[in-house]
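Look at the two complexes coming up: chain A is in both, with chain B in one and chain C in the other.
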Partner chain A sequence: MNAPLSVKSSPSVPVRRKRAVWTTLEGIVYLLPSLILFSIFLFYPMLKTVYLSFYATDHQGNPVQFVGIENFVYLLKDVNFLQSIKATLLFVCYTVPASVVLALCLALMANEKLKGIGLFRTFFSSTMGMSVAASSVIWMFMYNPSIGVINKVLSLFGISDVQWLLDPKIALISVSISTIWMNIGFTFLILLGGLQNIDPTLYESARIAGVSYWYQLRKVTLPLLSPTLFFVTTVSLIHSFQTFGQIDILTKGGPMDATNVIVYSIYKDAFINYNFGSASAQAVLLFFAILVVTFLQFKFGERKVHYQ
Partner chain B sequence: MEQIELVHVYKSYNGKDNVIHDLSVSIEPGEFFVLVGPSGCGKSTILRMIAGLETITSGTLLIGGIEVNELPPSERNLSMVFQNYALYPHLTVEQNITFGLYKKKISKQEQKKRCLEAAEMLGLTDFLKHKPRQLSGGQRQRVALARAIVTHAPICLMDEPLSNLDAKLRAKMRSEIRQLQRRLGITMIYVTHDQVEAMTMADRMMILHEGRAQQIGAPLDIYNHPSNTFVASFIGSPPMNLAKAKVLESLLLFDNGRAMRLHHHLPPSTQQIIVGVRPEHIRLAKPSDDHFIAKVVNVEVLGTETLVTFELTKNEHWIARWSGQWNIHAGEKVPLTIDETAFLFFHENGQRLDHSIPSYAAGKGEHQ
Partner chain C sequence: MKKRVSALFLFILMTLTACSSQSDEATATPSENKDGKTEVIFWHAMSGDLETVLKEIVDEFNQSHPSIEVKPIFQGTYEEALTKFNTVAGTKDAPTIMQTFEVGTKYMIDSGKIQPVQKFIDEENYDTSQWEKNIVNYYTVNGKIYSMPFNSSTPVLIYNKDAFKEAGLDPEKPPMTYSELKEAAKKLTKKQGGQTTQYGFSILNYGWFFEEMLAVQGGLYVNNENGRNGNATKAVFNGEEGLRVFDLIRDMYKEGTFYNVGQNWDDMRAAFQSKKVAMYLDSSAGVKTIIDNAPFEVGVSYLPVPDGVERQGVIIGGASLWMAKDISEKQQKAAWEFMKYLSTPEVQAKWHVKTGYFAINPAAYDEEIVKTEWEKYPQLKVTVDQLKQTKPIPATQGALITVFPESRQKVVKAMESLYQGADPEEALDRATEETNRALEMANKK
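Showing the complex of A and B:
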């Protein structure tokens, strides 16, 4: 009596295996369109880059000779590349914390229930709607030493002739400032969304308890916003490592390589010096650098994040 | 323990339409006061005005005899339990419970002591180190209660605190909350849309409809003497049976020709009235009784009682509620009788007519 029943209730092993194969195949079919797109536009170029980084190339970018890790060894000894690393790291340090903190302040202000706050929300997030190229051109005019508005304002205070984009000491900072301005729209919008997602009764409960604004910020808002903050920081970090557009338009990596961040250096090596092997090697190094930083962030930063 | 008084309070969110109309009520110290009404009638709005989370458009709110319209919530010396509990998901149960003590400048030791006290009272001692998401609905509810208790505030406001719980747990928490309130002697204002909760918990209750107070009083008073048809049908389950009728001296004429003769003169002033009878007052007639015959359309046997739906007129169905289990089937015709004292009369506009049939304990015997 028992035996036939048990056979009936659970299919035999081959049948089950066959079914599993089917469901797997079905799953793959659903994934196929995005797999194909990813392969063409992402996986293939990536592998090709890794491949090229082990070769010396001709001017069309064809691999000529396998050189092993020669490209990498050369890069790590190259003063220019080390300068690029320094510029990139400085650029990241200038832009990421500043964008996130500024955007957080703006989001906190814009989250207050005040008359006409919608207008400010639009203003604060408007930079998101501008392309890097357009905003870079705007900043280029503003930084212009003779006709730029910044120097005109500064001259009212008796400061004159600041060479924003030509002075190697401040060019990177100038680029960073414009980058922060460009980043803030996106960061602000995401943080505001995060703030509005927080259950308002939690604040009402805090109002009845009568806690101060700072206590509430520290004990309620920031912990509950931490997943969003974490996301925004990670994205900004990756974004910042990959900055290209504003550098190309504002300084072209100059003056004296002060703003020659890695992505710009890759571009120069590949499309100006036609040294595709070295460019690929830099790209691979950048990829691993971002990977490590993001990994570290997840490992140490995420501990402080309270997912609900 | 403090008295709370609302005097001619109005509330409007958009400056045009009033959500609360001319509300005046006084809640006594130590009282368990329930606000009950259908969804959207303004219960939460009233509670939030008392808490100070919403401004009062016009009128006065007094707590302990002092006007507090402009006082911030934290200075009104009250605690509040929210419908969704409003627990901080990133804090442990203990931190959640003591969160409200921050402002009161209470020493860490005293905080710990109060927290343990409250946790003990509500059976939460084993969960103090847990996060809210690791708790069941009932346990979360208790954490919210504990958070209200530790503040030692003399007034506690609760907004539908049980609506997320299942029926059994709700019944249990109902009595727990009630006992707690008695033990601590807090003045409680409790919002619910559930009339059973209101009936079982309230010392006094207020029934609201579309922002207007319909009736304020003790549950049984309201049950027995509803001041209008809304209250009559809102309180009681199944609700009071209502039907339009014409009065002809001592005769009640329903639509479609059904008539009932009473032994007393009915409200003389109006012709058309609304008649109300509670389901438990409709009995199966004994042979000697005055009775009317009605067709049964539905029978629900609930174990301890039986609900019999019958046709009063073609398109008006009334429900009778008999204790015990009855073997009656739809389609049968049964003789029914209604105690005359059980009739309530309402004006066409819904207001109850102040016409109680004279208590006639003697008369009752006489014609049975």
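Showing the complex of A and C:
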């Protein structure tokens, strides 16, 4: 320590203040590495995005003309952007509840103490180890209308060809199905971890009380799992708002923009059409949308969460 | 405590310096590599069989030119490659040679990051009259040749000859007009129970095919003579020519003879090879692979035209090679050397027979290898003949706009809406309006 500590019992006010300043400084030094990284990779890009959203840009993304809120006004009136919002919301509704419920069922099953359960736990969480790109390519082949395995199987039952990725009414659901499959691994693993953290003595008490499985699930398991469930839902929600990989590989936002979710539309606007201004404006709107949803979730969802 | 803090500082300092020294290495691309060869980084978008052939050609060049080393790097589709180029253009990481598709021409010129090859053509009095005249036509902008044409293709109608025989059609008489096409497609469509097992015809949902079907009727895509007489300000592809194309798709889809293959080239080819469709439109660049892989006999023919409309010819598709601006003179010379090599008759002959891209240098057709291959694959010749009969008018010169990728998305969306029962005229008008807005935004910049 630099400051000589002459007074031992109760330090005088200036010394205490000095020490407080020093402690803060020291804290900042410890945080410095992450602060630098965050500033470079998060804060600077974020501020730049907000800045660009008020400009028209050239092809290189350099701002050339200040246009105020014109980018936002145009977006909110643009039918294509409204379609993107609709697609995104639908996609979130299709994927989040389904993956959480499915993963919860699998986790409950895999939490039983049975012989060889480790094998099933590995199976159920295996999709976590696959990249979005690799799994999307696999799904792409399965969905292929002329050579895909799904239609081949369906035709055995006399069901005529379904254009999984080419029919605007089905495409988003098809992408959602593959996304749910991809998400389950991660969600399953976290939920299983949560289940295993529940105090076994509670189950023993339940057994002594002789309650049914469903009663035990409702009154013991779910309340104690609620922090994990809350975490998983929040993360999946944010994640699914930001979906990009499977859309790019499976549908490229088509057909007729049915799967053109906001992140994909941002990518298309910025890097294919070189409209960095309007892409930035979309990014800003998406940021606020996620902020609001997450805020609401904490406000209302967290009330039901039971912390031990 | 003091020690720990200073150790932390030291650590941060070290990581920072480590980072900076690394980036120094990364940015300083030397024009010469270890062996003293001039390095030419060549970004391309050729995948599959095309990439294999391209690599062979590059290897031959490197062997015959000991002072130069060309490094071909695959960068995804044309669209993806252009996106990547855009982020590094003007920096040290930019490639020496960049392959860009034909509709990126205006974009590349406007980017200001490229060196027009006209400079080298003038310096050496390089004779461009040896090239195919349609190619010179396309790539001449404001009287200058900006990029070196390399792989040029045209759209063709590809059909299953075996299916033709089965349906009682003459496999040597492919449909040339819309009514013949509809007629043939009806006969080729096979149903089993309630299911269609084979469809007559298909077009990929891709803007290029629409542009070509417009041009073959002499229709313009944008105003100001397709943007060649000054900046285009309005899209005009919703005229009667465009409407005929959309009507054709709508009618055939309604009749159940048209199959929607989506936007993926591989899906389209898989549908043809698995006999799901009997006729479809493809780029001549895919012809060789299709013939080799299809389990039946493949026929290749011209793009069909509407009844009573005179055939005007096709626009050059494919890509050309662009040279970066801010690189050393030596690298530019080496790049130019490579570009010249690619356009020699020998290389173009090999490229033509192994892919289906046609030769930018017609002298290639006199090469022995072409003659023998044409006997084996008479289909390859069709693509060349179709181009030779093309009339040099603004429609077949092709449109020159910067917002082509965006406009193509709008056209694709319009095509897709046809399968949902949209009115062809409304769909086309909407795509036109959206293209207009993109043009307006681009002209502001």
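Heads up, the rule we're going with is that the second predicted complex is superposed on the first by the 300 of 308 C-alpha atoms of A that agree within 3 Å, B and C clash if a C-alpha of one lies under 4 Å from a C-alpha of the other, contacts with A are read in each partner's own complex, and residues count from 1 in each chain.
Heads up, the rule we're going with is that a residue touches a chain if its C-beta (ideal position, glycine included) is under 8 Å from a C-beta of that chain, and two chains touch if they have at least 3 such contacts.
A quick note: this is a predicted structure, and the numbers were derived from the prediction, not measured.
Model built by superposing both complexes on chain A: chain B and chain C fit together without a clash. By the touch criterion defined above, A:215 lies against chain B but remains apart from chain C after alignment on the C-alpha atoms of chain A.
In the superposed model, A:13 lies in contact with neither chain B nor chain C. When chain B and chain C are set side by side, the one touching more residues of chain A is C. In the superposition on chain A, contact of A:26 is made with chain C only, not with chain B. Of the two partner chains, neither chain B nor chain C is touched by A:156. Shared-chain residue A:224: touches chain B; no touch with chain C.
Residue contacts after overlaying the shared chain place A:273 against chain C, while chain B stays out of touching range.
Put simply, the nearest alpha carbons of chain B and chain C end up 38 Å apart when the two models share chain A.
Comparing which residues of chain A touch chain B with which touch chain C, the overlap is empty. Remark: chain C residues 1-2, 5, 8-9, 12, 15, 79, 83, 86, 89-90, 107, 110-111, 193-195, 205, 260-263, 267, 270-271, 274, 276, 402-403, 405-406, 409, 412-413, 416-417, 419-420, 438, 441, 444-445 touch chain A in the complex. For chain A in complex with chain C, the residues that touch the partner chain are 1-2, 26, 29-30, 32-33, 36, 56-60, 64-65, 144-147, 155, 158, 160-161, 163, 165-166, 168, 252, 254-257, 268, 271-275. Across the complex, chain A meets chain B through its residues 199, 201-202, 204-211, 215, 219-220, 223-224, 306, 308.
Considering their complex, residues 51-53, 72-75, 78-80, 82-84, 86, 88-91, 99-103, 133, 151 of chain B touch chain A.
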